[in-house]
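Shared between the two complexes below is chain A, which pairs with chain B and chain C, respectively.
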Partner chain A sequence: MAISDDVLVIGGGLAGVSSALAAAQEGVRVRLISHKKSTLRNASGLIDLLGYADGELVADPFEAIPVLPEGHPYERVGIEAIRGGFSLFDEAVGASYLGAHTDRNALVPTYGGTVKPTARYPVSTAAGLASDSRSTLLVGFEGLSAFDAPLAAEHLQAADVPFDVHGVSIAFPKRFRSDATAMRFARALDRDEPAENGESHTRDVLVETVKAHLDGAERVGFPALLGEDTPEEVRGSLESALGVDVFEVPMGPPSLPGLRLEDRLYEALDEAGVRVTTGNPVAEFDTENGRITTVYTDRGGQRVPFEASEVVLATGGLVGKGIGSNRKGVYEPVFDCYVSHPEERSEWSREGAFDDHPFARFGVSVDRDMQPLDAEESAEYGNLRAAGSVLGGYDLANEKSGSGVSIATGYAAGRAAGEHA
Partner chain B sequence: MSTPESDPTPEEHESETDFDPAGVFEDPTEMDLRPGADSCYKCSTCDTSCPVAEVDDDFPGPKFQGPEQWRLKQGDDQDIDPSITDCSNCMRCDNACPSSVPLSQMHNTARGEYVEGQAPSLWNAEDSLAEGEYREALTYLRDVPSEVSIEFLRNRVLSNYGTLAGLGSKVPRLANLVMGNRITSWANDRFFGIPSERDFPEFADRTFREWWRERGGPKVEREDKRVAYFHGDYSNYNTPEVAKAMVRVYEHFGYEIRVPTQRCSGTPMFANGMLRDARRAAAVNITNLSEFVDRGYDVIASCTSCSMALRQEYPELFDFEGTREVSIHTYEALEYLRIHEDLEEELGESKADFPDLAYHAPCHARNQGLDRQAIELFGELDSVAVEDVGDSCSGISGTYGWKSEKYEKSMEIGGEMFEHMKDAQGETGLTECPTCAMQMGHGTGYDIRHPLEVLEAALVD
Partner chain C sequence: MSVHTSSGTESDTEVVVIGGGSTGCGIARDLAMRGVEVTLVEKGNLTHGTTGRMHGLLHSGARYAVSDQESARECITETRVLEDIASHCVEETGGLFVQLEEDDDAYYEEKLQGCRDCDIPAEELTAEQAREVEPYLTNEAQRAIRVPDGAIDPFRLCVANAADTERHGGRIETHAPVTDLLVEDGEVVGVEIQHESGPGKRVHGKEGETEEIRAEYVVNATGAWAGRIGEMAGLDIEVRPSKGVMVVMNVRQVDTVINRCKPKGDADIVVPHETTCILGTTDEEVSDPEEYPEEQWEVDLMIDELSKLVPLLEDARTIRSYWGVRPLYEPPDTGTTDPTDISRQFFLLDHADRDGVAGMTSIVGGKLTTYRLMAEEISNHVCEQLGVEGECTTAEEPLPGSEDFSVLRDYMEEFGLRSPIGKRSVQRLGSKAEEVLKTGERNPVVCTCEAVTSAELRDAISHAGTDLNATRIRTRASMGNCQGGFCCHRMAAELSPAYDERVVRDSLDELYQERFKGQRHALWGEQLSQAMLNHALHATTMNRDRDPARKEEPGIEYGAFDAGPSPGVSGDGSTRATADGGVRSDGGTPDSGAGRSGKSAKKREGEHGDQ
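Right, the complex of A and B next:
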């Protein structure tokens, strides 16, 4: 016997969750296995689709997608699957995200003072959109070095945003260890803990301090730490006390918008009846007649068997370790799917840090049914599909397409797996 | 099992890499923590998963305790930071790290080193005694009183619960009377640092091993399905009903069961840095369990911390012969049945006379990939509603919540779980871990049961 399901999704990020949700919609039994806790908590929480094409800002991704080169994941899945994937995402996250009302990209200010073109954004960032012309105050906290508000404001101004923006660094009402993470600040606001002065509470002191710097600004942006458990309430109370709109600026890891997204998506998995197993990596598998029959996770040398009739590989890219490399070559570590790459290692990258690097496109190639292809372009296994950044043929960092590709290919792979199971 | 033959396997890819700039040890072993420290890219995911850091602003978190402290220690005169003793050893950081840094292994070794330094003469005296050098032992003993603190003694007693329980369960009624006494409890808190708020777990009238002996051992004997049961101290002395349920459920599925001589798995010793005690206990367990593993038995534990110790901590910390073999043949009780029997089918067809349940997944179940299995399995059992009370830590972490100075924090960590338990429909708790069970009972007043008891009610007549 083995632990048995219809569809097995390997990977717990955006692509894996999208695959599992799409497969579950087909009415089959789905299990998602992931090595560790999801790394969504390291992500900004912004859901991009296509921000740049040929180095140019994209206003409407759906106009730019049809001209992407053959082999790009969007070309593989097609417009219909992209729309299907995003509907699935919108349904899963509900009112906590905005952007579904239009095909056009929204421009969200980042903690570095740039603007990011994105298709969906957390409701907490909505008042900060760069297309909005209201004057803006950015507030940073001393000690939280990841967000330098005056510098971010200068960068935004230099990027010619259509509004006045100033930045100020203030002391957080309560003092923490110098290496405290954003979560600690968020909890203080959640619980409205007593402030350092011992007389008043965190939120009140914060409001009073910010008021003194408001100087006519019509909206105020804080680093994304306005509450972990009750972000709506924290933001709401700051807005009513300050009398202006308040927004969050997405931050690097550990990221609260990423964590909130993770919570939402895993709740959606629970509601869809998807079974989730985490803690151990997939190490081995059995095949029969060119199909994967059983996948084994590894626990310090011990093998735990999982059976399924269809399998989706959503283990991530070079950063997520779904694609591995060493001095000899580039490989996909779970099923050893073929990864096309130049034999000469010197050809993997270019000289300049921001050049167009071939390695950024390394990954598994798939057919239009999302089945990984071997060097002869035939399917590696009869029942394997791949989704997300384990796929090759696109440069997510330059295109700003990482989330969209995960959602669209996850949807396509999961739906196909569910139909065949 | 196969991996594709046309291409080199991933393992071959790895082994082709001879170049290893990080290898600083002449003879690299699994205990070399350098690669782990190098793998940390400071994402802080571990810090955000740490239940102690969540309530204790002075605790520097797992990233410091692990890779950063290891690196600092490579300098000449850096001591281990005392905050290492504030880590509760829940091991959630292991499950959080996207880069597979062996955080709990780093914490265990650092804590061991710190505690070693707390009582050097005591350890030396014990070593000398063990080697029969009595005169030397005496000279060491002279310095012991000036070195050893009450806190150290308390931690050592807590770590060696099994020894205490062994004595107590010889006279269970008297022991329960004394330990349940208000004066004992006051004195424990006042002089020994054991919180008076907590009730000592009661000793059973008859231990599991006594019951097993009187029963005449196994009722099933066969060559193809045989397991060695690691019951641990708690289900032997305090909750023999759990161990008996294991026996009845496994015999129902036709397994031959053996109950090897055993000591504590070492979990409380690791958590208190008493690595020497843990080493002694592990040596006994590995020797005895190896004998069975060599003869084709798999080892089954009903406590998720025991299975964790045998599977992960032993190979990370000890290198006795047989350590790895025992580790890869050890399973948690439900997990093993799930892999080898059609448990879902059987549960789908059965009815259990059992109250509705509020289930808490122990932290130590997480690293083993077991935190959802009870909910999944009992989903098949229509007659009992089992609800998950969320993924927070119960806060007791073995001995952590049994220390007066940690009690408040322990209850604060557990707050979320208590709340969710009260919101759940069932008014009986369910968990695999004995100390989580103590905390669940302490915070809600509920009766707490073990998944094996549910299986027994559903499957055994």
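Right, the complex of A and C next:
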């Protein structure tokens, strides 16, 4: 017998979770199915809304959104849904995130040595904001080549940040194999493992080493590896021992703040009573009178049916494989929704690495009710909505808008699905 | 020796070799080993032109065994030499000439006989035997001829030749395009070069200068660019550049060179190369070796045609495509119309005999496999002009990195590297492994796709300076699946602290751009997903597309942004949140930044923080 729900959300990333939470608020029965681990683990953990519009840095996203072009996901959902989505997010993550006290963006120093505009940031990064003028020491670890603290400090100086900043590279108190990732460092701090010298523990040795470089700095930044399971405790113990604020510098994949966010969001789903089924891809679906009635996942060759009255497609973009492509064209692999793209592959990209690439905007187009549209601009299915980076019409990297679009469109699609169910 | 003058620098040497491809590097090494003082100048990094843009096939000669037996004989002889003197650049993969059902029986027989005539070992395999060698070979294969084709890393080969040139007292100048030939009384007496970043190793952002290098003899080894150099002395050299596409796959679908056994044609070879396979190629005459169309049909043709040999290729992941330009040449009045019919022989053009302009010889045509032989012949010619009596020893003396490589030791334990990483490092470094890897410092893996460690990168940087593309070709870092998305910035960080932040940033931008360019012709499926991920990593979190440190970006008005709900543990943010021209908590004023034009239209004027 088929599993039956009111709303079925396909996709377990930020957009899927936001959809499921919004739908659940409408008091209906919601299920989220996802195939693979979400791309949140690749994400920095920063929740951007809109960092750049027309290539210009944006201090207040809500002032820039009204002038975005027609078809942009923010234009589709409108300001009210964006605010609604962010309220939902703030509630879901609670005290683990900051930034809700203002509409303005914060500038967070990241591992490349630049600053990134963002609307919300993990509490662990809060003491590092670039508009805070306290003098700063950045600490990197030999062997962790993804973050070169002295170089990042020089880079921040070149960006004219309003504070003194220095960087130092030190040996981590415990020696790992040459290819250890941030995860291994984090675990050693979580467990406060014995240090290399065999006499003291990791955190104590780390504190003593950093103290020698403090030189009056009022805050200290480390790459985002201060604990996987108990980050608050790790950071807190370092702060009290050092006597200054400690912050994390967001890193590339695998990203601990991204993983922590994923954990927090799945707890919120659980609290909201959303049922979660993971591990299998969607293989096929049934329709009746232009509506999707049943979606089947493929469990090692066996078809598992999921019935629902409303469906949200939140399978991600090119990275998450919610948008697929081959030599012939670009497509949406689950429901084969229409994806507009140039016929010639050579027109999918531009010459410069950071040019305005058409491929970055590939995705399905939706109406203002978040329903995917076919080539003739009619709704593909009567009960299907789409959210997150499966949508086209925006460049999440260039605009620094990926998280915000997922949250706002997820909220809008989920709420509408919940209302109709 | 060199002296500074008002207009630049002057120096002199015995021989200037123009061109840092395999031929130029081979000539420089040969001459240097005979005791000739030699300076090699190259406009880009080593292998910049054609050498770095070929498929990496080390020819057994079987390919020419029917059409050009003289070339075929040279190939098998030189392949044997390179297996010996350049063992760390060569992989003895073996090769197959595969006959499909529609391919001509008579040609297969001719190929087999041709190999035997040229002393190329050739073994006949049944279809079953061939599939035992290469399991992904098509079921349509009729039979195959096994020959000793191999794979060669042209980058490592050139770098080793250049390093040996320096070891024998020669000088190598990269990023130094020739801007003029010095001609006096109808004789070439040297070259004028433009140092793009000062002489020696490249440093990004360093001021360039010109240098006149006077020489007793000049060798023009610029291949497809030979005509451009010739023009500078009024010489007409009829090079006929012909482009060919190479398509790089993400893994080695085959471990043997797979050739289609048919007379000639596009898209007939798959070469296993390091961690990848390279599909080739096309052959189309172009008018300009630098400006020619890179066309989608060429890429599609490779996949469509070569899938007939190895069906797995149809849906495999392509990581990039690139084009190379063959330096084909034919003597005036030969009149060949199809470039595939132009000889692959090389030609030595002594401009004294040919044009009445003494002091320079050009070398055109030829192919990588026989680069050493070409270098030997031209070096003989140069030595004759100079009256130097030294004998050529390049066929016997191993290249640096290749000495005693047969006694490969297990470095894994010694250098603390996990086994596959240690194995790959040692393969790339050859006999230099001990010297490079024996470092007291931590030696993390920087490029995980290709397993390149920090120590290997630092060694390459010590030779290449800030040119990360030159470091890339020495180490293969950033040449795997992610095409540098996960490691370009980490490679760049290895330049610090020897070079300052601005230089590191410029070097990173150049490498990242180069990596992107080659992927443009492979952007579908997995690689398009990868490109979007790279775009997101570099533009989103690192914000490299709008890096505020870049001069083109307007300064940021930091005071217009969120400084936190209550900056600092104490909760009094009054002295901490910087507004325009604000006072820092240490009592100083910001030395720059504040007061520069920000995004006033989009910020709330007059507000200082949000407390």
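Everything that follows uses one rule, which is that the second predicted complex is superposed on the first by the 420 of 421 C-alpha atoms of A that agree within 3 Å, B and C clash if a C-alpha of one lies under 4 Å from a C-alpha of the other, contacts with A are read in each partner's own complex, and residues count from 1 in each chain.
The rule is simple: contacts are C-beta pairs under 8 Å (C-beta built on N, C-alpha and C of every residue); 3 or more make two chains touch, one makes a residue touch a chain.
The structure displayed is predicted, hence computed values, not measured ones.
Contacts of A:N42 after superposition on the shared chain: both chain B and chain C are touched. Legend: residue contacts after superposition of the two complexes on their common chain; A:D336 is shown touching chain B, with no touch to chain C.
Of the two partner chains placed around the shared chain by superposition, chain C is the only one that A:K400 touches, whereas chain B remains out of contact. When the two structures are aligned on the shared chain, A:A106 is found in touch with chain C, with no touch to chain B. Once the two complexes are laid over each other on the shared chain, residue contacts for A:K116 go to chain C alone; chain B is not touched. In the overlay built on the shared chain, the residue A:E63 is in contact with chain C alone; chain B does not reach it. Within the superposed three-chain arrangement, the count of touched residues of chain A is higher for C, of the candidates chain B and chain C. Of the two partner chains, chain B is the only one touched by A:T278; chain C is not. Contacts of A:R327 after superposition on the shared chain: both chain B and chain C are touched. Residue contacts after overlaying the shared chain place A:A2 against chain B, while chain C stays out of touching range. Residues 42, 177, 179-180, 253, 321, 324, 326-327 of chain A lie in contact with chain B in one complex and with chain C in the other. Residues 296, 300, 303, 416-418, 421, 441-446, 448, 453-454, 486, 489-490, 493-494, 496-497, 500-502, 504-505, 512-513, 515-517, 520-521, 523-525, 528-529, 531-533, 535-549, 554-565, 567-569, 573, 575-578, 582, 584-586, 590, 592-594, 596, 598-599, 602-604, 609-610 of chain C touch chain A in their complex. Listed in rising order, the residues of chain A touching chain B in the complex are 1-3, 36-37, 39, 41-42, 176-177, 179-181, 183-184, 187, 253-254, 259, 275-280, 284-287, 296-297, 299-305, 320-321, 324, 326-329, 331, 333-336, 338, 374, 380. Within the complex formed with chain A, the residues of chain B that make contact are 1-4, 6-10, 13-14, 16-17, 19, 43-45, 47-49, 54, 57-58, 60-61, 64, 95-98, 100, 311-312, 315, 324, 327-331, 335, 338-342, 366-373, 376.
Against chain C, the residues of chain A that register as touching in their complex are 42-44, 46, 48, 51-53, 55-60, 63-64, 98-99, 101-102, 104-107, 110-117, 126-127, 129-135, 142-146, 148, 150-151, 154-164, 171, 175, 177-180, 216, 218, 239, 245, 250-253, 317-319, 321, 324-327, 344-346, 348-349, 351-354, 357, 359-360, 396-398, 400, 402.
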